[in-house]
Every structure is written in structure tokens, then in C-alpha cells.
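Just so it is clear, A, B, C and D label the chains in written order, and each chain counts residues from 1 on its own.
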Amino acid sequence: MEVTNRRLDQDEFERERQEVLRQWMTGGEVDLAEAVEYQKNLPRHKVLAYKLEQGKEQGITYAQPRAGVALINEHIELLRFLQDEGGADMLPTTIDSYTRQNRYTEAQGGIEESRTVGRSMLNGFPAVNHGVNACRRVVESVNVPVQVRHGTPDARLLAEITLAGGFTDFEGGGISYNIPYAKDVPLADTIRHWQYVDRLVGMYEEKGVRINREPFGPLTGTLVPPCISHAVAVIEAVLAVEQGVKSLTLGYGQCGNLLQDVAAVHTLTQLAEEYLAKLGLGPVSLTTVFHQWMGGFPQDEAKAYGVISWGAATAALAKASKVIVKTPHEALGIPTKEANAAGIRATKQVLNMLKDQRLPRTEELKAEEDIIRAETRAILDKVLELGDGDMALGAVRSFQAGVIDVPFAPSRFNAGKILPARDHQGAVRILDFGNVPFGQEIRQFHQEMIGKRGKAESRDPSFQMVIDDIYAIGKGMLVGRPR
Amino acid sequence: MEVTNRRLDQDEFERERQEVLRQWMTGGEVDLAEAVEYQKNLPRHKVLAYKLEQGKEQGITYAQPRAGVALINEHIELLRFLQDEGGADMLPTTIDSYTRQNRYTEAQGGIEESRTVGRSMLNGFPAVNHGVNACRRVVESVNVPVQVRHGTPDARLLAEITLAGGFTDFEGGGISYNIPYAKDVPLADTIRHWQYVDRLVGMYEEKGVRINREPFGPLTGTLVPPCISHAVAVIEAVLAVEQGVKSLTLGYGQCGNLLQDVAAVHTLTQLAEEYLAKLGLGPVSLTTVFHQWMGGFPQDEAKAYGVISWGAATAALAKASKVIVKTPHEALGIPTKEANAAGIRATKQVLNMLKDQRLPRTEELKAEEDIIRAETRAILDKVLELGDGDMALGAVRSFQAGVIDVPFAPSRFNAGKILPARDHQGAVRILDFGNVPFGQEIRQFHQEMIGKRGKAESRDPSFQMVIDDIYAIGKGMLVGRPR
Amino acid sequence: MDKPTLVLGVIGADVHAVGNRILDYAFTQAGFQVINIGVLASQEEFINAAIETDAQALLVSSLYGHGEIDCRGLREKCEEAGIGDILIYVGGNLVVGKQDFGEVEQRFLEMGFDRVYPPGIMPERPIADLKRDLGLEEGAGGGEHPAHGLRQHLH
Amino acid sequence: MDKPTLVLGVIGADVHAVGNRILDYAFTQAGFQVINIGVLASQEEFINAAIETDAQALLVSSLYGHGEIDCRGLREKCEEAGIGDILIYVGGNLVVGKQDFGEVEQRFLEMGFDRVYPPGIMPERPIADLKRDLGLEEGAGGGEHPAHGLRQHLH
């Protein structure tokens, strides 16, 4: 399949839509006109895009958890708990892994088994199997906006059902929900599937309903250099806006070095605006989401609180629009609702305390911003070049060529040649560039930064250093020093 | 009594010493020559001064808890637990409140009752009652240095017993352990009593034993502006060095605004060096201790972790030599050993992650440093003026005149006219100066900063604002905004 | 009518002064005459101040953990001094460590306190309670609070 | 002597790839021939790879919580395929949520796994275990690990 960054043809979309809605029986519950009415009747405080805009004006960083269980009542109970006991500003519905792979029959099995054993056997909420009305029950049971969070390469049916079901925000994208979440799915396919999702959102938009879209920033969550995730975020923003999306939250996963993380948040929307303008797209409303450290966590809960709080502090100092919260159970398993609420409360304490503080602009911060901008532009300009000016085509070809390369990604459509490592201050740099198209200056910068660390540790940078960095935070460090 | 900053006369000291050692029966166990031998035989890694110097070279921020219970075995068990399960870099022995008031008979009652009911009825370890050998058992039971932490206006006997008992660090000072810890004790008396303690430390020093001294930085722990605690810390440093102390750790209690806190840590030893040099004292080894927020804590443990972690982050970014750790039980009561160890682990996770990061020097940071320096000098120069060049005399007269004024202090020898309040970014400023001798420029700065906040909150700064700020962190905020 | 008078202080070897200052302010604002004997206050100081000022209530703070030891016998001493019926409230962090508040309350009620407050209580509730217990609130009389009733019963 | 061969993969709809990459590296470094079938691997893929390469062990990862569902029947399928005696290790975050590991281990042992590892295990222990279970370590034989013994017993 070839894919280009053009708005989907309406007739083609309608034909495809009929197929999509037949993928599982609950597809029959979707009626777009009625869904638009339903969405329009939601009070403003339950619409994520409005809440984000409000927060942006007031300089607030919101806190949002991840959460989802197999059964409806239990899921509602969970969300209410996170709202009331955690103080979540916005809620999620995290989708289970079978649904993410469109394995609805297995999801059904998981639902039934959960009923039998009396605990959730699924790692999320199987929204497709539950259907439109169940989703509405969820949305109506809480007082804050609810977003769909998942990791689904082909999320067309999931989008149909959850948007008709009253969710006002939909995470993911054709790259960010493929490369870290699939092994064998061609990128052109998922980009095409996500054009469908974005087009659907565009249709809601045209009928007066604002749905926010959120490309998944952290990718594999493990030592992803900001330029890589920024490049993906910008591409997904461009693709979404082309399909008529008007409200986007761009994501970034904490790396752990304060300056690098703040610089990353600062540059993220700037770069998106830059490329949207360059391609004649927009205007759109852009906000940011900061993910607390997405890689391996310490098992000890007290240490996990330390990691969580440091993420909250960075998000606040960077003035991200919202922060996705981890929990003290992270290293062990899906959190109990109590542990989840506790993660939110620790986060909000820090966010509130830092609400009116920000990291002052310094030479060092500016230098980090400059390098992220230069790196991201180097990648994105190459993407446009490879795509003959088309971002979709360019994205597919860039992954083929390793121009974009996501560390540790499971997809065979990802080159997997890049190797990241931390520098002496813990910023994530690149040890092996693979085919990422950096000029001499940028390469030298990375080599020097990692070189300094190697010197301090009296060892040559190697894959062992990368492994040490992967384990580091879980072992209570940021930089994986040799013992 | 009048007190001057002169080294105590040796004969007078010896006479006084005989009296002091007779204040409680355990005084008879002290034999200075033997104690010096004992101290000299301690391995270096158990001597706090050496550990601090080592850390300073390596840019490490150490973590130290507070802890103490009534009975010896339980106390040892507690310290071991904090060392092994918490990873404490250095240990405390926190003294109970009866001992702090020299009420050894009541302390004895507390010991006995603790034995009977099987839980500690005292809020600390009654070291005087337990005596020299018990202290040595404590010191010998652990692998890291142990410090005496208390709040004792007259700590002469406590110092005699604990230093002979192998503790290598002694917290407190004639001002910092009077004004926040007493109601009716004249300042001249406590300064004089602490000259004794410092002289005792000086004698150990002269015999080749290095004992570190740590003035108590946070004072009342509640919205104390940095200039006030810095002025006290510098005075106590000067007094200590005059008596022969060679190793000092100066303290500061977190206020919560990152820039102000980092600026405070940066300026603290600078100012001490400046005044020591001015008075022809030194050289001495100076390090810093940063106290995680010392005022009212949130009751919720998750929120408390947030406060604790933010304190750890600030300490690390400021590169304090050590940080005193709070626990998730802070708002409720003396922590269990588990809660105490958890506080240390959360702290160390953050310290380790930020070990190689520091807050870059910016205009804003420099401005905060400048204002703290200007304020502290204004106070200290007035102290010297009032004391005709003598810091001890000047301190007494300054408290009388309200030139130094500690917010919310219980002592009637403290003017109690100053009122602090937070500015819009949460930095602690001064709303009512009382008699603190600031020039027009500094006054205007504080008024403007608090004024801006008042404007944002549409209210005039008042005592209600101060109350709101006192409650704020406990309620999950930094700045006490009106509801 | 004269303002109702209360004696406020922090008992024992306790120096926690911040809450004391706020309580002073809040009860004064609420229309009480506050006799604040400050920190490090002995049982005798509370009683003497109450007798001298003809106070209707003692507000005893204990933050530092020795509250149980320090408060023992206060009711009896009041009785001996002829003010056995005075209201006595106690609040703060009354015992060493994080203990179940229900049990702590029970212990202090049995020691003769009329009302016992958990850690970190805001002034509003004790102010309302005191007004009610002193019969100052419209249509309200003392004793309907279960804890208060219990103390009456125990004595 | 040929290198001992093992099949490594992440079972079910699970895409967690980082641990897989490290295990690949670590077991290769330790002298094994690693056949890495990657993430999203079905039971059939494990078995086919094992038969094709004549592997002595399966190293099954499950991180995402559905491990219990995904792993059920694997031992039986191996038996049907004629490799019923192959060593099967499993590790990762095997179940949904933070559960008592002893119970989780028991459940997987009963499902026919030889060794079951708790979350976040470092490669050193499984490498040593596998060497021992394959009789590659000097003076060591299989089966002295209690868990291993138990599985033998259950089958």
C-alpha cells in the first residue's frame, strides 16, 4: 500500500467505514449524527480540549492517570476513585492488549474469565466489546473529561465506538502506535488507518464537536532521544491536521535530565508550529503532555515515589499542559486503585507547589533547545526530502532508511540501529547514530558528551553502557555507572 | 549575665566542667583523656567531618534521617534499620524533649514507663540518662557516623556524655537551640552554655579529634526568611570558631521556591567565610545541610512523599552537602522505622538521579543570591555595630532590639514582630519587618513582591495571608491562596 | 455581656508555638477572651490562669508526643483547685507516633478531657464546639457531642 | 561441543521488547545459541522454533499481564509436538497487578513451567540456573532447585 498525506476522499471513507463498523458486532451501535448530538450535549468541563485550553491560559499543569479494567462497573468504580481520592484532573480509559491487537474474541474470553474469577484478567478496558452505550455509562459516571489511551495499530473501530461513546480525546498515531506496539504491521498501513481516525475526528470537528488528538510521545519509553520523539510527534501532527483535526496535545516522555526535559517540552510545540506553517496547515490548538519516566521503575514504592515526584517537578517547571502519572506499583504490575490514586496525589502535591515557578531561561537551557531543534529539523527535512514534500510518504521511507529510528522498538519496520546512552549529566544522547541524518557538528556533540562520561567512568562507551542505563533508574540511579 | 565572644578561660572552664559533670550521675562516667583515645580509635568512615569532606570533593549530597527512641536496644535496632533498609549515609540520635529541658528525672520516668508499656513513651533517646557506655554501644552498632540532634538550650552535659560516647557531630547553638526551643531562657545564658560546648569540641580538636558542629538552620521551620537563618548561622559559626571548632556544617530549612532555596544554599557558606575572615577567624572546613520542609506537612502519605522528594531535588540541585530527611508520617507522629526508611529511600532515589545535575546560574538566581547577601549583611553589620564589634554581645543586643527576629518563635527574648509571607512564586518574603534593619531598597523589594501576590489574589496582604501560608503545604499548596 | 474566657497553652516541655499563635488569633476573632500562657506550660499554670481570670475552658495543646504523660491528672488537679467542672479540650499530636485516633481519643476522654481533637484540626470545629458547649449558639446546649457526653458519664 | 540452543520470545499480544533484547545479549554472551523469535510470539512459534533448531530450552517472557492466559497449555502443546521434556522458563510481570509471587510461581509451576522468575530479575540467575539444569556447570546436575523439583514431581 502507498500512503500520502492527503485528506481522505469522502466516498472512499464512507465505504471503508461500513467495513470497519462490521469488524465486531458493537459497530452496529454507532450512529454518527446521533453521536454528534450526544457529544454536543456534554458539558464543557467534560470536554478535554476545552479543559486544556483553560489550563493553558492559567498556566496549570494537569495530572492524568492511566487506568482500565475488564468489566464496566469495576472500571467506573476505578475512575471515580481516581477522580475523588486521587484528584485526577482528567481521566483515562486504558484499553486492554487484545483489543489493541483487534483480537476481540480473546478480549471476550478475558471479560468472561474476569467475571468468573472475580478479578480483572485483562490489562485494560475492552471498549469495543463493551460497545457505545457502555462507554457512555463510563463518561456519564464521572465529572471530568475522559480520554481513550491505548496502543492500537488499527484503531478505527475503537475510535468509532469510543467517540460515539462520549470520549473527547483519543491517543495514538500511525507511527507512535505502530513502531513501539507491533512487530509485523507495515507503517503505510497504520498511517492509513490513523488517517481514518483523524478524518473521523475531523468530521466531528466539522459538525461542531471538538475532539482532541494526542500522538503518543514516549514511543518505547526507554532512552528515546527527544529529537526522535519530536520528529514523530510533528509528523503525526501534520498528518492529523491534514485530516481536519484542530486540537492536538503533543507528547514527550521524561528522560530524567532537567535541562534536556524542559528544553524538550519548550521546543515540541514550536517545532510542530514551524512545520505546520511550512506545509500551509493550521491554525490549530497545540498543548503538551509530559510523561513521567516511561522506562523500568524501581520496585520499592518509596523509590518509585521519588521517580514520580521528580517527573512531576520537571513537568511543572517546564509548564507542560498535563502530566501522565505513574504509580508506586509500576515495576510490579497494574496498580490497585489505591496505588494509582496515591501516584496522582504525590504528583499533584508537587505540581501545586511548583505551579507558579518555572525554570529560568539560561544559556545552558537555550543550548539544549538549540540542539533539539537542530536535530529534529535535520530529521524532518530529510523526511520531507525523501517524501518529495509529502510527510506520509516521507515517514514510510524514512523508517525504511533508518532516518527515523526508535531505540528498542519491536517493529521490523524500524531499523533498530540507533543506540542511545546517557551523558555524564544523564541527558540522553546517541552512541550509535545508525542512519539518522545528522551532520558532523551534531554527531561530534553527541560523541563528546558521551565521551566525557566514558572518561569519568574509565571505560569506552559500549552496549554495556546502554544496558547499564536501561537498568539505572530501576536501581536507584539516573546514569548507569559501572559498579 | 553578660557574654562576649572570647575564648573561655581554661581554668574557669575546668571549674565549670566539674559542676556540669555533677548534674546527673552519668556525668561521672566521663574521662576526657580516655574519651579522646576512644574517638581516635574510631575508623575514619565513622567520623562525620571526614565523610562530609569526602562528599564535598565528590559533589555528593548525603541523606540523614532523624530518629530516636527511649530504650537502648530499640534505638540500636532503629538505627540499624535506617542504615540497612533506608540506606542512610549518616545516622542521628535524636534526643527526647525532657532531656532537652534538662529534666532528667522525668526522662527517667519515661524510660521506665517505656519499659512497662513496651513502646517508646519518649520522643527521643535520653542519652544523658543512658550514659557514656550506652552511647558507645550505639556508635559501635552501626557502620556510618552518628550525630547528636536535639534542641537543648543547655547542652553542656549532653555534649560531655555523647562526645565521650563516640558521637562525632553535635547539632545546635546558643541561638538556634534557644529561640525556637525555649520560652524563658535568656540568650546570654545559652550563648554562654554553647561556648562551653564549642570549647569542649575545641579541646577534642586540640587533642587531635575532629568533631563537627552543626548550628540548627531551620529555627522554627515555618516561613523563616533565609536572611534570618543565615544571620543566626553565621553568628553561631563565628562563636564556635572562636572556641576552637574547626569543622562546621551550616543549615538551612527549605522554603519551597527553587530559586530562593538554591540561592540560600549558595550564599550560606560564602557569608560565613566573609564574616569569619572579617573577624580574623579560620580557616575552617565549611559544609551545608539542607532540611526538607520543616513546617506543617500534609497528612496524606503520598502527598508527603511529594514534599519529601521536592526537598531532595532542591538539595541536589543546590549541591548541599547533606539533606535531613522527613518521613511520610511527619504530620501525624514520630515515624515508625519503616516510614523513616521509606523517606530516606525516596530521598536517595532523587538525590542519585540528580547527582550530576545542578541548577544553572541565571540572572534570576543571581538576583536571589544578591538579595540574600544584602539582607544578611544588613543584619550582621548591625549586630556587630550593636556589639561594638563583638558577635556574642551583638547577638544578645540584636535580639533585644528585634534586629534579629525569628518568626513564630516561642522565646520571650525574641521580639516576635516580624511577619513573613510568600510572594507570588512562593518565595518567603517579609510582610512586617518589625525592627529588622533593612534599608529602603530592600523593604521596597519585599513590599513589591508581596504586593504582586496580593494583587493576583485581589486582597491586601494581612495576617490572614500569613495563616494561609502556614497551612498551605499541609493542604497541598505552596502559596496559601484564598479559596 | 462579657466575652467568654478561655486559657490557651502548650503543655509540658513542648515548644511548638505556631498552632498556639493561630488558635489565639482564631479564638480571639471568634469573640473569646483568650488568656494565652504560651508554650512550656505546666498543669499548675493552666489552673492558676483559669482561676485568676475565671475562665470557662482550658484549651490544651500537645504536639511533641509526651501529651499522655503531661496531661495525666489535670482533671483531678482542677477538681482539687475547685474548678472541677471547667471544660477541657485537648488537641495536637497527642501521643508518640501514628496511632489509631479512636483509641487515643478514648484514652484522653477517660483522663477527663471533654473533647479530643485529631492532628492538624482547623480552628473552625473547636470554635463551634466551644460555643455549643458554653450554650452560646442559638438553640444549642452542651453535651450533645457523644464524646462530651461520654466524659460526663465517666465522671 | 555445540553451543546449547534456546528459544527466546515474548508470548501473546505482548510487545515489551527491551528485556527481550537484553536477555538475547546476555545469554549470547554467556555462550548460548539464542533463537530470538521476538515479541508477539504465539505458543506455536515457540514450539516450531524449538523443533527446527533442536533447542534445549524455551525462555518465555510475559510482561503485560496476560501471561496466565497466554501460557496456559504450552507444556501440553510441547508434549503433543514430541518435545514434552524441553526446559521451559518463564519470567517478567506474569500476572495482572502486584500479586504475591509465591502464589504466582505455584500457579505457573502447576502449568508445567520448570522455573518461574519474579519481576525485574537480572539475567545472571537464570543463566546460572540454565547452565545447572542443562548439566553444563562443573559438578552440577539438574533438578536441585526446589521449583524445578516440584515441576518434575507434578508431571
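Definition applied: contacts are C-beta pairs under 8 Å (C-beta built on N, C-alpha and C of every residue); 3 or more make two chains touch, one makes a residue touch a chain.
On a predicted model such as this, the values are computed, not experimentally measured, just so you know.
Q: Give me the set of chains touching subunit C intersected with the set touching subunit D.
A: Intersection of subunit C and subunit D contact lists gives nothing.
Q: From the C-alpha centre of subunit A to that of subunit B, how far is it in Å?
A: 45
Q: Between subunit A and subunit C, what is the separation of their C-alpha centroids in Å?
A: Using C-alpha averages as centres, the distance is 55 Å.
Q: For subunit A versus subunit D, what separation do you get between their C-alpha means, in angstrom?
A: Going by mean C-alpha positions, subunit A sits 31 Å from subunit D.
Q: So that we know how the chains sit together, what is the shape of their touch graph: line, ring, star, complete or other?
A: Its topology is that of a line.
Q: By the touch definition up top, name every chain pair that qualifies.
A: Here the touching chain pairs work out to A-B, A-D, B-C.
Q: Touching residues of subunit D toward subunit A in the complex: what are they?
A: Residues in contact with subunit A: 12-15, 17-18, 20-22, 25, 38-40, 64-66, 68-69, 93, 95-99, 119-120, 122.
Q: Which stretch or stretches of subunit B touch subunit C in the complex?
A: Residues 97-98, 100-101, 103, 106, 109-110, 113, 119-123, 151, 180-184, 220, 222, 295-296, 299, 329, 331-336, 339, 408-410, 463, 467, 470-471, 474.
Q: How about subunit A: which of its residues touch subunit B in the complex?
A: That would be residues 256-259, 298, 300-303, 305-310, 312-313, 317, 341-350, 352-357, 360-365, 424-426, 473, 476-479 of subunit A.
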